[in-house]
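There are two complexes below, and they share chain A, which is joined by chain B in the first and by chain C in the second.
Right, the complex of A and B next:
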């Protein structure tokens, strides 16, 4: 077990190093640079700026310098946010994305598992048809459309009520979570519903369920202890990558609902070619994803003792 | 399948499924503490920001949002009043001549910690701006001051900058050359004062947080949650605090999404929002009062004048000029109220000798005439010795607006002149890189003013100007720029600029397309907001909330 864990961690570190290196060189290959702006600056000012940010050095030197900094856990200063360390940006904005993402994921997982199980139980009847229709809509309509429509719905709702029932946008109290988290979790919920449905269909007809019934177990006990627990495993598998996807995939929702999450900085940094922020957020998210997958693999062992790690 | 297998699932399951709905209902019942757009009793307004201010360290600020905040929290030597006239800020009196400027500072100008604003604070800040180690992007805006350029180039130490504190309250500036618009420059954000002891105590973190700044303007920052919220409150140390009516300007929303902004306005959560073309139609249907204001920038087609380019040929450029009708572009393509057709290098708001430059010196009118255009094109073809014209590359941005304008131009040149246009859509930085490298025949370009003088547009196509991306080089153009630059007599300067205005059109240096307009919505109870092209915009320093 320990050897296995060590090996996975070393592999993880190598993966992150590779992500950092590939991003670094790809980013420098893109035409333009972070210092270019609508208004060009005189060459002496340009030279001062290049020196200030270390861009006057040859690329391999910049790369080694950056790697050295990164190992010490310092991602440098942002080019566009001239006073802010990339570490501060991640530290201040990742918890926002993460908390929103976790709420969204909790909604998605709970909804997906329960609704998936329900469609399986009611296979071919109206609750199945209704929920699966909803699933198809939720999967095919892009997030930004749902976000915009949800916001418009809030405006109309507040207008009808004559007072503010739900906030249109903003951040700071728990109410700000509700609609963005629902919107953010919707796609994942639909995906999990489908996954859970097919997994549940397999389990429902398994021999051990028949045995359980034959023993005279109650329907509730069969559902929770025998069916749900066995059907849930594939869902747990995708939960790891889903955590990473949902905490990073909120760019549009963060923009529409004015939420100060990291996703916004991630996307804007690429548009602005803000080298340090691109590197910082990519490496951070890369590492996050890699170690999330490892964590889920280990979690398997606890849920299903038949899967032995190591 | 046995009968039991089809039994409905346990009731718990159904209840659990409804959990999201319960959550939503509970939310609806709880009272919401979100503030409304305006609050008469507290004289408080709520607004939104397009982005987190990139730099509240005035030395390094370059963008609209930072200058908007700084314009409310800080004050330079001079400032603009509601009518756009220069009035005293920290300076109570001033004098400008050919080679120097003197400013006498108010006794009651104070920092937010109660200490006086002194002449040293200006000397210190200005020396930092040109210091190569600080690397300020806007350092060149100080180049009219003696030795500024040499310091920026590293040839002189920052202490050699031509600015001295004669005493605590008297500031003396030596100029490199006569600069008719130097007073206007002192209202610019990069010219703001900074107190040395406070700045040094913050290390590299000056301006990074609300408590790492000293304020000397009508407001101060009371809260700054990065990326989420800024709150400005009335600065009780400000010398002119009697003039400030608003107690608080809260900015709890940071988003660049114009639909979200519009929704917030409809929900009575923000008191002022800009409208994009997409929201405009809906706003018109809602019968809300739509306000218009000239944003001050000029958008134009820039030609590549580099050797070997077809667009270097004057007749070729004039052919395009004679089919590109700016009025049609504004009406049919831009479609935003307040947008004006481009008729000159100089926008309509530029000041002349006494009043408007464009009224005193009207731009020569370009006649739109496809027949003349085709004659010019034929001349160009002969001069260039071409059988037929190869396709031209039109470099532009990746926005829907840019795409629309590109397609319009493509269609226009094909039908009127039989020219093919290849549209090269690029995202922001890549477009800039290509402009700089000259990888285009035509480029959709624009220019916004830096300071309140005709020269902010006038020297744009001088051969030495780095923002002259098409590399236009004409001794006549350079001559008129030099005349206007070196003279201080307004009439002489404006006549030189009138000659230059004519030259730009006759030589078709560029094709002015339109002067941008800005459309916005403002809360009915909010009064006294000043919109301006140069300086803090929008300006809430004199704003107030009235009863409905």
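Right, the complex of A and C next:
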């Protein structure tokens, strides 16, 4: 177990290094540089600035220097937002993205498991058809369209109620969470519903279910204790990719609902070619996703001892 | 049977037709798959929908030869119409209504004591070129303020910004030429004492119809007098905020979106199949090394790199940005297929028929072309169908955040991006592109489900 864990961690670190390297060189291939955003500056000042930021060095030197800085946990200072450390930007805005993502993930997981179990239980009957129709619609409509429609719905709701029940956009209190998290989790929920359905259909015909029934267990007990608990296992394996899907999906939601998350900063940084912010956010997100997947794999081993490795 | 074997014992037997007749007609893998697909009603309908969409993109410009970039500034953000009627309006001379008599106005009064106008009416036909209003003078007023709103005002504060301030108590008419959009507008008039406004106001709902100036009509080839009406070009799906025909943009956007949505997965699948095939076939250390690299590429934050690449490859002025988008999608999209194909190849390599073929002296090209490739085709096709919706989503998303196809090239994603800004007032601009994206993705998802059921041998016999 320890050796397995160690191997996974080493692999994770190499992956993060690869991400950092690929981002660094891809970013420097982009024509222009962050200093071009300012007004035209005299040659001397420009040379001074380049020296200040270390941009006058050859690329490999810059790369090694950055790598050294990164290993010490310092992502540098933003080019466009003067005097703001990338670490501060991440510290300030990642919790926003993360909390939104976490709520969305919780909604997606709970909804997916519930709907999936229901479709399997009522297979071929109207609840199954209805839910699967909802799933196919949720998968087919782009996230930003759902977000826009949700905003329209909020406007109508507020108009009907005659007062502001839910805010259309913004950030601050729990009411800002509700709709964006729901919209963000929708796609993943649909995916998990499908997965849960097929997993549940396999479990329903398992021998131990027949045994349980033969023993005379009640239907509710069979459903919750024997079917649901066993069918959930495959759903947990895809939580890693689901976290990735929700983080990237968060970009759109943050843009549409004007939420001050990290995704918005990244898009902005790329447009302004803010080297340090691009590197910081990409490496941070990359590391987050890589170690999330590892954590879920290990978690899976605890939940299902049959597949525990090492 | 006794005696040694002679050389002619090894000659093939002459064909014996009677022995080859099987009980049932034999079906190839693809024939069987096609039969299964046809039985799956929703997948078959989805196939029809996909073909219909392709036809829409390919033949659309022939059936609806409207330039997607042509603007009609008289018809901005108009809802679907089959040829709107427009009234010709003569704007060559200014209109001034009838001023009120001095006796009606009387001595000036402070704002607090001013009443509201007793009548507000429209003179002539209200059009988007001009709305002529005339109202009853308020005794004691030194001027008037005119407001225009889209909703009936609920209280005094709800009037918004003034349309015009009129000085002089006897000036009781105004011609609104500030381009009122066709539709219902609410004009409100408030009396003032020259500085402050009175509390009371008179509101009139005006149904404004589309108008065209005589000059504009002449430019469009209508030599008709003012008051006549002409039929404008039809826009079955309406126009966007720049007055461009939405149907034409949807057709041309389909060409872009479907081109990207089909080409990007196709290219990444060709590359991925080759990469995975080589890895699976060679096996051993090469395989481990190649697949580790693929794992790294998978671990890259997809969207972040998409945006980086998209900007890195850059687009010059006047370019549509399709090539950098495609390149970015292919560079990041291939590992999925590579893994899939490698797994298949590893499995097939150990199959009995491949061993048999190898024993009989088949070379590598024969094995790959005759056995491995055809046997992975089904899996590849299924993953292609599922890759199309995600490619369409990616294109739409990147265009939505303004990093996809560059304007004015229409794509479904960029149309959604435009439409979302006017969503509250003109929902049709978002609705139609969103609808075709959803329909396309739905069709490919259903088709993918059907193909997987029809072609994937592992799932045979399961529900």
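FYI, the second predicted complex is superposed on the first by the 305 of 310 C-alpha atoms of A that agree within 3 Å, B and C clash if a C-alpha of one lies under 4 Å from a C-alpha of the other, contacts with A are read in each partner's own complex, and residues count from 1 in each chain.
Following the convention adopted for this analysis, contacts are C-beta pairs under 8 Å (C-beta built on N, C-alpha and C of every residue); 3 or more make two chains touch, one makes a residue touch a chain.
Computed from a predicted structure; not experimentally measured.
After overlaying the two complexes on the shared chain, residue contacts for A:170 are found with chain B alone; chain C is out of touch. Look at A:266: by the touch rule set out above, it reaches chain C but stays clear of chain B. Of the two partner chains placed by superposition, chain B and chain C are both touched by A:30. Looking at the shared chain after the overlay, A:291 reaches neither chain B nor chain C. Judged by the touch definition given at the top, the superposed model places A:220 against chain B, while chain C stays out of reach.
Judged by the touch definition given at the top, the superposed model places A:255 against both chain B and chain C. When both complexes are overlaid on chain A, the residue A:48 reaches chain B alone and has no touch with chain C. Legend: residue contacts after superposition of the two complexes on their common chain; A:152 is shown touching both chain B and chain C. Counting residues of chain A touched by each partner, chain B versus chain C, the larger count belongs to B. Of the two partner chains placed by superposition, only chain B is touched by A:83; chain C is not. The contact surfaces that chain B and chain C form on chain A in the two complexes overlap at residues 30-31, 148, 151-152, 155, 255-256, 271, 273.
Taken together, the chain C residues at the contact with chain A in this complex read 295-296, 299-305, 307-309, 311-312, 314, 389, 393, 396-397, 400-401, 403, 416, 420, 423-424, 427, 430, 434, 437-439, 441-442, 445-446, 463. Interface residues of chain B, counted against chain A in their complex, comprise 2, 4-5, 7-10, 12-13, 16-17, 19-20, 23-24, 27-28, 30, 32-34, 48, 52, 54-57, 60, 62, 132-133, 135-137, 139-140, 149, 152-154, 204-208, 225-229, 252-257, 259-260, 263-264, 266-267, 269, 427-430, 432-434, 436, 446, 448, 450, 466-467, 469. Contacts from chain A toward chain C in the complex involve residues 14-15, 18-19, 22-23, 26-27, 29-31, 136-137, 139-145, 148, 151-152, 155, 201, 244, 248, 251-252, 255-256, 266-267, 270-271, 273, 278, 281-282, 285-286, 289-290. Remark: chain A residues 30-34, 36-45, 48-49, 51-52, 80-84, 88-89, 92-93, 107, 110-111, 114-115, 117-118, 121, 148, 151-152, 154-155, 158-159, 163-173, 175, 178, 182, 204, 213, 219-220, 223-224, 255-258, 260, 264-265, 271-273 touch chain B in the complex.
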